[in-house]
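In this document, chain identifiers A, B, C and D correspond to the written order of the chains, with residue numbering beginning at 1 in each.
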Amino acid sequence: MIRFFLSRLLQAMPVIFIVITATFFLIRSAPGGPFDADKVVSQEVIERLNERYNLDAPIHQQYFDYLSHLIRGDFGPSFRYTNRSVTEMIGAGLPITFELAIYAIMIALIIGISAGMLAAVRPNTAQDYIPMSLAMTGICMPSFLLGPLLVLVFGIWLQWLPVSGWGYSPGDKILPAITLGSTYAAYIARLTRGGMLEVLNQDYIRTAKAKGLSTSKIIFKHALRGGLAPVVAFLGPAIAGLLAGSFVVETIFQIPGLGRFYVQAAFNRDYTMIMGTTILLSCLIVFLNMLSDLLAVWLNPRLTLDAKH
Amino acid sequence: MPNKILLPVLLSILLLVGCDLGPSNIESATAKQILHLGNGTEPKDLDPHTVTGVPEHNIISALFEGLISVDPATLAPQPAVAESWVISNDGKRYTFTLRDNSNWSNGDPVTADDFVWSWQRMLSPALASEYAYQLFTVKNAQAFNHGELKDFSQVGVKAINSKTLVIELENPTPYFLSLLAHYSTFAVHPPTILAFGERDQAGTLWTRPGNLVGNGPFTLDSWRLNYIIRVKKNPHYWDHETVRLNEILFYPIDSALTEERMFRTGVLHATSSTPLDKIASYQTNDPDKISIDPYLGTYYYRLNVTEKPLDDVRVRRALSMSIDRQAITDSITKGGQIPAFTFTPPNTQGYFANNNSIRYDLALAQQLLSEAGFPNGEGFPEIELTYNTSDGHRRIAVAIQQMWKLALNINVRLSNQDWKVYLSRIQALDYSIARAAWIGDYPDPNTFLDMFVTDGGNNQTGWSNSQYDELIASAASEADEKKRYKIFQQAENLLMDESPIIPIYTYTRVLLKHPQLKGWEPNILDIHPYKYVYLEDSTINGGQ
Amino acid sequence: MATDSLQQYQDVVFDQGRSPWQDAWYRLKQNKLAIISLNFLAALVVICVLTPWLAPYGYETQNLALGASGPSAAHWLGTDIHGRDLMTRLMYGGRISLMVGFAATAVSLVIGVLWGAIAGYVGGLTDTVLMRIVDILYALPFMIFIILLMVVFGRSLLLLFLAIGLIEWLTMARIVRTQVMNIRNQEFVSAAIVTGLSHWQIISRHIIPNIIGPVIVYITLTIPSVMLLEAFLSFLGLGIQPPQSSWGVLISGGVETMEEYPWLLLFPGLTLSATLFALNFLGDGLRDALDPRATSD
Amino acid sequence: MVFETRSILAQLATDTRDIMELLNVNNLSIAFDTRDGKTQAVDNISFNVQQGETLGIVGESGSGKSVSCYALMGLIDKPPGHIERGKALFHNVDLLSADEKTMRGIRGKRISMIFQDPMTALNPYLSVGAQIIEPLLLHEDVSRNLAKQKALTLLEEVGINDAASRYYQYPHELSGGMRQRVVIAMALITEPELLIADEPTTALDVTIQAQILELIKDLQQRRNIAVIFISHDLDVIRYMTDRTLVMEQGRIVEHGQSQTVFNSPNHSYTKKLLASIPQQAKPVKFKYTPKKNSPLLSVNNVSISYADRSSRFQAVNNVSLKLAKGEILGLVGESGCGKTTLSQSIVKLINIDRGEILLGELSLHKLNTSELKQARKNVQMIFQDPYASLNPRMTVFNTLAEPLKIHRLAESSDIKKKVLNLMADVGLDPCWANKYPHEFSGGQRQRIAIARALAVEPQLIIADEPVSALDVTIQAQILELLLTLCQQRQLTMIFISHDLAVVRYIADRTAVMNQGKIVELNATETLYQEPTHSYTQQLLSAKLSG
């Protein structure tokens, strides 16, 4: 176990370091500075702002300064939201996006696994084709389309659910979670179906049947755990993608999450904020991949952590 | 196993779906006098001296008050912190008397010294206020701001006593009073600033809820990042009896479509924008919920006059005259915008441009292009039309692209750019034709026309005309309004004859506004002092 | 015995005289749904190729006075905000979307399959390094990447293929790697090593053909998402430029006006969905057809 | 023939009328729908099982022996399978037409099954304890605690020491033999009346196999339950059963007391089966003349180890071997003894830690890439599993042409000729050249694999369990083919097997491996008749005497 964490940590460090370095220089090579505005800002003002944010130093100096601050856990001030630190903004946005992602992944799992299971139990029948077609519709229905559609139907026509906000009025978390989760539900459905079909052909399913178990017991007790292996492998990258991709949903539903910051920071050339969110994302990717492996081991007693590396 | 978790989750979701939504914001708002406003983007900060945008302006105008405010209906200056003022005969000396009962929200009185202190802060080089130029009409302010003058006592602002403030100007500036209604000239509470940092330090925590001390009709109650800013009625405000609203909630909403949906489901009383495609249906179905008001802004295209073939005035005029502006405002923008053939919006504080050298005239346009050496567009190079990424700009560009194709047989390539890339390209004159817009800072033609002086920061077309420069300079020192406007008309004629820009339309302010919202007067600056705004059920009022 | 029989075998006509490709084609033909899909896609391609001759209007021809109008005799699928014929724009848009869908997917396929195959086959440190590079690319801020591409290279269709391919190959590489790791331990790979094949020959001849199934399935999922990604990139300014259109651009435009002008969303949406379903059925059919084992069970 | 079977049945029926009849299967026919049409898997068979007896069903793969028993348990997937006809009365319940609920009450409660491969028959995701008590909890109203007590007792009974801790382990933590004991415990926990054992020992090592058979026999006698014992292994059937059915292509071709069937078979198929068992040494023996100065292959002090969790596992420990040209060396040992690791190091599929492997004068593990490619031509390998060792997406032609092209052994115009020739050599119809591996039977596939190994005209062939996955008659054919080819082509071969009889049949000299070491190496007959090492003796004594 410890060896596993150590080796992962050892791999993670260069990954995160390269991400930091590459991002640092990439964003500075993009045209337009953080202080360019519609009404032209005078050169004097720009110079003073650059001075304030250490942007007048040679770029390698800026880089080392940034690193030395980073090592002390200081992500710096946001260049756009002048009285905010990046840490504070991430602290405000991340829990919300995280919560949204958790709900979304839960919905994706519920819908995806049930659809995939239904389909796998009777392959090549209507019970297979209908959920799988729906899953495919989910894949081709991007959130920028599904979100407004759901809002139109449930928020405006039926008036069942609020169309915006997060924790402001009851039920306002439902539509965003469904919107964000649906694409993943579709992928999970396909993965579950594939995994279940493979497991259902295993000998131990026959053993279970020979014991006199009913179909539902066989599926839930014996097949599901093995059948979900591909889903588990998918979950790590999916949650990371979910967090990064929540921008669209957060914009549609007016949710104060990190996704909006992540994208807006790029447009605003809010260098420190881009760095902060990117570092966070790379840590998340590393962490979630590790979690995904841990989960796989937990689900499958045959795997051990150390043997994987 | 997952199935043990899934069931409760499913059930709770069903429960949530089944529950009643309860009354919407606006249904419960009237009794409590709580206003819900869409407010564009998240404010960068709430420091009147460092911010620049409209969303910031809206919140700051609730939290602070200047020497002067403007009457929402007429935009005429009216007393605010200053109870009265005297202007010297040469128009260069203003003496303000501050009202006795003007207080900070912690109860401290607002003094003339606060203003002197604040202006020193605002003009200090280290603060790097982007709006410092607003005060450059004040004597020595520019020198101080540029660091050429260290001694602030030489700047033309003095506190004679705690309630008398004297301001000396470089030139008689007829619009100076309206500048004082702008938040960049507001006073801030010196002890608060100093409690959280230096006087000229930006980005300190003084603007946070609990810290911020203002002198406006409202105080900052809570600030949830990217979500809601809530302000509450300020009991220390000198005119608190006029204020009827108890709270205002400002929602930063990036998407106009989201904002419209929030408005439609009763979350907001008013929006900060309106999706183009919704205008028609509101006008037909809910005319009482949409308001279209004139606005002090012009939508135009910049032409890079340093580049062939746009260095030829005939080409520029041909391009300008072959745009069917009426079709664009009728079919694309649809918000009652006025086709523009001059740069300054009509009736800018009584100013009207009188140019008619630009009009929609295809035959003339073709003739001009032909004279420039491109008969029927032959030999005309493909030029690029740059605009910042936005659906509305794209729609207009697509229409104009096609108009030029049909009228002049020239090919224009559209190129949208990320906002910051767009800005840096325009500044570097790295474009041929670029979409632009200008919203006046104050109701005076000067805010439009001084843009195009040689090497003006916002000129950005490469166009330079010494006669124009002289006209704008002479207007600055002219105290008589009629003569001034004449000079501006001359300048504007010159500008349009040369056509370094193609005006397309004069903006209107199209917003969705609930009929309950009262005291919200339309004006060309889109300023709505919240002290006059209140909520009232239109049914009681017999509004239908 | 061998030499005797040799003469006789010289003239042996192989059973059914089939090559592996003919085989696959034969099996594909048995799958009705796949054939219908194939025909549908072929028809789509033909229509798109012939669009300049078939389209009733020009894709850029505007009628501002008409504006957005519903389906009518003159405009079967209605018109958009600029009064342009939607059917014409759908047809022209199909040219772009199909081209982007296939070309960008091909880019991601080539990079992803090679990368994943090398990582999975070689394993060990190489695998770790290659996959960590994938992690790094996942983590880099996508927006900045797009903005830089635009600034450095300007706007071009080729760049669009490249940009999308460069984004999409990451997932492809992961999928391929997992598959290759499974295949790599099969005995026939050992047999190939023993035969003396180089690693490259083993990857290209023994491993890649055996991961084609999951790869095809992933491709059918990638193509539609690539088409939608194209709309997003075009919106940002990297993709096609107005007045050109693509299905993705039409759909994302349609979303904004779905209440006012539902046909602007409905028809492009239906077109894309139908294409997606056809691709999916064809993909499943191809996967089965390319797997010789599929006939026996 | 049909008449003959019927009369035997009739006779048996009268003989055993007084004994209580537990199961009566009558006119059972089962067919499967395939893309090529209907396949008759079981064709009108009838048999019965008495209380407390062991009925053997013997036959090769595809003979229908397993399918007919699965039908009794309702384990046949419908579709594609369907039972066309027949009755199977078990306590007056027709197992073939009973509804699912009734069947669930019978499955695992009154009729239990033991499956062939304990690796795959146990759910890898659940602890063995949970799996053992599952049928008990399902069918009887017992507390979990009581069920556990019963399971622990039973685990002791099936010979698992330290049952209390094993109870919580997962299948992968147990050895193959132990897993099969768990499967048996799982089958017996509900005290069924009938136990169906489907090839219960085929996947096990020979010493384990004997123990498990002993266990089943013992349990059967102590508990007096009826057993249907299915196997392709005639020795096992002879050893285990009272009566035997011989099945071929879905039909019962012979039926009688086991002793009678095996000692005086009537039906030609039974005779053929019996004849296929390699009983003694091969007909032509290699005249072993050890030329010490120039062996073809020398394995000198080779050691190989794997990283295994925290420690290193020594798979091959200081092994030395020498092979003369034309010799066939048998390599015997149980799973995990290192024989496969050793053989893979000889073809350089894995690297060695110490020692050297010389092919003639070449040190295989010190060659560069191009030299190695050349050397590979001389050493080829035949793998155990003919299903996995052929690329499923390459036709036979491509599979065989590939080595020819790689080593430029034929002009492109000659390739077709050479490939067809190869096919003919290994007894494959050249007409099948464009077929895919899955279209062939196991034996045919192994012929393809042999042809592939021969394509490069190697000097040395490593055959790793080449016949253990094959039916007994096919096994005999393949062994015959290998022998013939070796003699024709002067091939040297290392023949690896766990099956002592097979090695005795084919090998000139035999090496016995245990725990990474060669414990005994001698001329085959000498080794079999006078084993000196205790492990060899143990191996040989575990072989069923029949």
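We take it that a contact is a pair of C-beta atoms (placed from the backbone, for glycine too) under 8 Å apart; a residue touches a chain by one contact, two chains touch by 3 or more.
Given the structure is predicted, the values throughout are model-derived calculations rather than measurements.
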Pair with more cross-chain C-beta pairs in contact, given A-D and C-D: C-D
Find the chain most remote from subunit A, comparing centres computed as mean CA coordinates. D
In angstrom, rounded to a whole number, how far apart do the mean CA points of subunit B and subunit C lie? 47
Measuring centre to centre with CA averages, how many angstrom lie between subunit C and subunit D? 45
Centroid spacing, where centroids are CA-atom means, of subunit A and subunit C in whole angstrom: 24
Could you say which residues in subunit C touch two or more other chains, in rising order? 147, 151, 259
Residue numbers in subunit B touching 2 or more other chains? 257, 418, 421
Residues of subunit A touching subunit B in their complex? 30-33, 36-42, 44-45, 48-49, 52, 77, 80-84, 89, 92-93, 106-107, 109-110, 113, 148, 151, 155-156, 159-166, 168-171, 174, 220, 224-225, 228, 251-254, 256-257, 260-261, 264, 267-269
In the complex formed with subunit C, which residues of subunit D make contact? 34-35, 344, 347, 349, 369, 372-374, 376-377, 379-381, 383-385, 388-395, 397-398, 402-403, 406-407, 417, 420-421, 424-425, 430-436, 438-439, 449, 452, 456
Subunit A touches which residues of subunit C in the complex? 128, 132, 135-136, 138-145, 147-148, 151, 171, 174, 178, 217, 221, 224-225, 228, 251-252, 255, 258-259, 265, 269, 272-273, 276-277, 280
Footprint of subunit D on subunit A - complex, ascending: 202-204, 206-214, 221-222, 225-226, 299-302, 304, 306-307
In their shared complex, at which residues does subunit C touch subunit B? 60-62, 64-65, 67, 81-83, 147, 150-151, 155, 235-237, 241-243, 253, 256-257, 259-261
